[in-house]
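Each of the next two complexes has chain A plus one more chain, namely chain B in the first and chain C in the second.
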Partner chain A sequence: MTRVWMPCGHYHQDYARDQGWWQTPVIKGKMILLLLVVFVGFPLFLDEYWLSVAIMIGYTALGALGVQLLIGYAGLITLGHAAFIAVGAYTSTILILRFPWPEFFVNWGLAYPISIVIAAIVAGLWSVLFGLPSARVKGFYLILTTMAAQFITVDFILTQYVSQIGGRGQAFSLPPGTIKIGPWFIDSDVKVYLLMIILLTLMIMLMANLLRTRVGRAWVAIRDNDIAAETLGINIVWYKLLNFFVAGFIGGIAGAFWIANLAALSPEHFPWFLSLWLVGVILIGGAGIDGAIFGSIFMVVVMELLQIAAIPLSDYWPKLMINFAFIKEMAFGLAICAFLIYEPRGLSYRWWQAKNYFNLWPFSY
Partner chain B sequence: MNNAGEVNEGDVILKLENIQMAFGKVQALNGVDLEVRKGEIHSIIGPNGAGKTVMMNCINGLYHPQKGNIYYKGERINRLSPHKRAELGIGRTFQKLELYGGMTVLDNIRMGSHIHLKSGILSGSIYAGKTKKEEIEDREFIEEEIIDLLEIESIRDQVAHMLPYGLQKRVELGRALALRPEVILLDEPMAGLNLEEVEDMARFILDINEEKLWKVTCVLVEHDMGVVMDISHRVVVLDFGNMITDGLPEEVSKNPQVVKAYLGEEDLYITRR
Partner chain C sequence: MELFFMTFTTGIMVGGIYALVALGWVLIYKCSGVLNLAMGELTLIGAYVTIYFYLMGIPFIVCIFFTLLIGIVLGILVERIFLDRLIGEPILAIIMVTVGLSFFFKGLVGFVWGTDTRVFTPAIFSLKPFTIGFLKISTVYFWSFVLAIVLFLVFVAFFKYTRWGLSMQATADDETAALSLGVSARFVYAASWAIAFMAAGVGGALLGNINGVNISIGYLGLLVLPAVVLGGLNSIPGAIVGGLIIGVLQNFAGTYLDAFFPGGVKEIFPFAFMAVFLLFMPYGLWGWVKIERM
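Right after this comes the complex of A and B.
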């Protein structure tokens, strides 16, 4: 909620401008440039490998946005967000594969887009179901109830029942051609990337708008002081459940997007570690929407760099690549420890400091 | 500000009837009656542990009394939850500061006008047309009526928990005002302030009580007898959950029971003059 300092000599003359996202022409220019880079530059110039890294970043960011909404904005600590991503992914897959779509819908490539929306809503409602205990418990106890969401949803319902209807043992597989948006088949990395960046941008817009209106303020109010929030006319339970809904909704989008990338689906893609990982992402990223984005970039890129570094070393330690999953987890733990000790406010705070340094330059205040 | 159920100046707007509130064996309130008339500043005084804040919490809905009735504009509100009572027009500030620490001052106050805005998650996430208009209009009202009144223009972009205590108290008053209440419960608004800040705060309370735009009925809990006796229209005295007296400030300050229970034998209460 902290505001960005305006560059020296800039003042607003009406309230509408002060409420805006991009408050000066310079910022507007920078943001448009950024959008151009991610929408046009990356798909044109990145090779397949780095595109897949970018896709991974986008997926992590979509998941982390939901976690940020719960933990960062409403103070509802969750360790079960992978469950809602899984619900989104499964709903979308089952809709695509099993729903008797009219010929018209399939030909026009509407099945997948519609399934994304339905998957998001189902995941949101599922999230509300497990958000119900938040009416009574908070803090540490809420963590346990959200972990219940993870184990009930993924380990029990999805593994034992839902994944059995997919055939092929445990996994669903989406044959080529089933994932189609309009006239385009989502079959190459570039197209998956574009789908990701569109969904991510939409979700960021949705969240940024929510957070500057009444609903967003109510969430932050509940986080900071629930008693005061209640005496000022906020129905706490309702707004907590709304928060769970929106977080689950974004998680569902993430899940429904992920099947376009993998073209296969099994409960192993949504382990409890993914929930933990997403919390780690926002711990490292820091506050705000940009925190979720920075955290995702950092985590994914650091892990990739580790892997690149590990390849030449595997000549000396042949087991290194086999055990890489463990090294990844160790690095994750180390990164979180290091951030909690040396920069508890995360990358977004560092970014904010750097930005303000230049905005206020040459003065330091 | 709210128009549901017209109450004219001088009519009873808030009525407590035989309120009994016990925590285990401790009888915090023992058959307290109170009538607050519209347009008044009605003070509640008493020694520590007399049940003043409990009474506030009962009016506000944070506590539900075991016995007795609370009427607001003639309507029994015993069973309503705090946020419903806020919607009826009962605002509140707290003794121990209960601001939203992570929000800016402006957002703290804007949050107070929650019940006057309408956007939901769908309209809010698009932020166009009506939503945008109501946000801007609300902000305009807050900037020009509340922030201007409380003289906190210079700190409105600062994060609330970083502010000095006196300013935080002011922000809290502003937040309660953004609710546009008809009755405001002020729980020790002067506690911990220096003389100058007390004078400012007293002026704000008189302003919101008298100005045409606000006309807020105030229920004030305060220990600063100088302020209480100067600005209140009526004073209630509580002692260990029992109501000793309810009357005009001059009567109350001369009441022998009150002097014994709270004020002390000498004129100790005029400390700050």
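Right after this comes the complex of A and C.
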């Protein structure tokens, strides 16, 4: 169901066009409009609050893309993705704060962009380390390994050792002005938003392009039947590890972006809850890259609406606001269960159905 | 040397509780093939329910009985409402439903009872350790261990000698054959969830006796996963041995490795051990090796 059916009267004349991103002029126009809205419209017209919601959506989507790559495209179920995001965030922070950058780099604002790239690579390699067992085990056993990755990385290495660097105990904080890209300081919500949307677009492009190459087809083959894939001559260990690397890479980007948003960092930002949250996001979103995006939008917006609804009620029942984190967990748990039982294909399936309906109208058979 | 034996006995005692919880996990997996990640939250619920009744002034044994009762009800409800509809779905769907349930329960417990640590007052077991030979054994650990083992034996006897237990064994062995002999699979699924809830609930109550009841009991319940992996996912003797070994290893790590890696080695060691163990023996000590064909 990756492909939407073409509208009546449109045919592909050559292979290149069949593989194209934008298959008809209408789709091209629609996507350019969408890009205009997210790049120009939102920063201009959204107020501070909804901009911060949009930033959260972007962060969730960056994380969920990596999870989608692992679970949705290679069938490698991960419940430890927050660990890789954390590794990215910590690598970037430590590079910015502790690395002896030459004056030139700091003045030109290159420190943060370079640290993003290095953070992504380190997170990718860390992800490969915990992906190694996938050469031997799969399914439930792999889930346990990724869980171990979460606990070992975040609860042990980061909390007990990495956080002690600098001798300040738990949290790192980035002084204002350290996060600088080129001539711009990332200090307002609009700039954080723009950084987010640029990174997200780049990552979506990376992923979409990878998925139409030999690599992407190999991943899908492994997901569908790994033994059959092996008989077709696909080196499944290599491709699984590559998948872990790319997923960790995207996670690292998400982590490095997170420090720009918050300017502070603590292991508590990457609990096991975040890993499960990301898996929940793609389950609710459904298959494909758009599934990860839809899921992020749905989950973040629903939680915000829940909070908006809880604020007036808390006048009568103050416990509601104090324990809001628990309400969030309950709502998240119920949402996952409800989607798996009643809407197992997720939101992107409905979107696909709607698009097909309009594309095939009036001859829907 | 004394330290060694003390660590060892403490490990065995805690391991007994893990074994009880692991039994519930293995049972669900054997009977219905559900890989349950909500076990930690089931122990959490058990601990909170027990302490809730105990603080009302009800004797501990009666509280345990109430916990068992609530375990049955919750187990059957969960199975009927959520898991029953997902039979035959992919593994990710089933696992994530249990994850969703675990979040729901954790949120519920946190919302109702808050985050403060509660202690069983008055203390149920005397705080003074008693001595066997040269070993000092903490009374709490000892009686928790005894209670865990007694319940364990009750459950095992239930499987071996009662009609319901036999029907559960039959379903676990071969579902189709059991169905053709008139065993109701839906009943067996519900019963396995009820028993798992009961085991986990009592395990939680006992763990709560040792360190007080708070949200982190759920994390202790998660230690059941290394235990079942070690023993093999579908082996009940494996659950016992796995639980005991994880208890012992955890305490040894806390005693001896803490000097080299200060901090939370005790909490993390079972998972690190599991990650390495999976590389070499993914099917555990007595688990069935799956042979895959195309």
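Going forward, the second predicted complex is superposed on the first by the 361 of 365 C-alpha atoms of A that agree within 3 Å, B and C clash if a C-alpha of one lies under 4 Å from a C-alpha of the other, contacts with A are read in each partner's own complex, and residues count from 1 in each chain.
The criterion applied here is as follows: a residue touches a chain if its C-beta (ideal position, glycine included) is under 8 Å from a C-beta of that chain, and two chains touch if they have at least 3 such contacts.
These numbers were taken from a predicted model, which means no experiment stands behind them.
Room for both chain B and chain C is found when the two structures are superposed via chain A, with no clash between them.
In the superposition on chain A, contact is made by A:N209 with chain B only, not with chain C. Once the two complexes are laid on top of each other via chain A, the angle at chain A between chain B and chain C, using C-alpha centres, comes to 80°, given in steps of 10. After overlaying the two complexes on the shared chain, residue contacts for A:F332 are found with chain C alone; chain B is out of touch.
Judged by the touch definition given at the top, the superposed model places A:F156 against chain C, while chain B stays out of reach.
In the superposition on chain A, contact of A:I227 is made with both chain B and chain C. After overlaying the two complexes on the shared chain, residue contacts for A:A218 are found with chain B alone; chain C is out of touch. By the touch criterion stated above, A:K191 is placed in contact with neither chain B nor chain C.
Contacts of A:I236 after superposition on the shared chain: chain B is touched, whereas chain C is not. More chain A residues lie in contact with C than with the other chain of the pair chain B and chain C. After the two structures are overlaid on chain A, the closest C-alpha atoms of chain B and chain C sit 6 Å apart. Shared contact residues of chain A with chain B and chain C: 225, 227-228, 231.
Listed in rising order, the residues of chain A touching chain C in the complex are 71, 77, 79, 130, 132-133, 136-137, 139-141, 143-145, 147-149, 151-152, 155-156, 159-161, 225, 227-228, 231, 273, 276, 279-280, 283, 319, 323, 325-337, 340-341, 344.
Of all residues in chain C, those touching chain A in their complex are 35, 37, 82, 85-86, 89, 91-93, 95-97, 99-108, 110-111, 114, 225-226, 229, 233, 261-265, 267-268, 271-272, 274-275, 278-279, 282, 292-294. Contact residues of chain B toward chain A in the complex are 60-62, 81-83, 86-87, 91-92, 94, 98-104, 107, 110-112, 114-115, 117-121, 124-127, 131-132, 135-136, 139-140, 143, 157, 159, 175-176, 179. Touching chain B in their complex are the following residues of chain A: 1-3, 15-16, 19, 205-207, 209-210, 212-218, 220-221, 223-225, 227-236, 242, 245-246.
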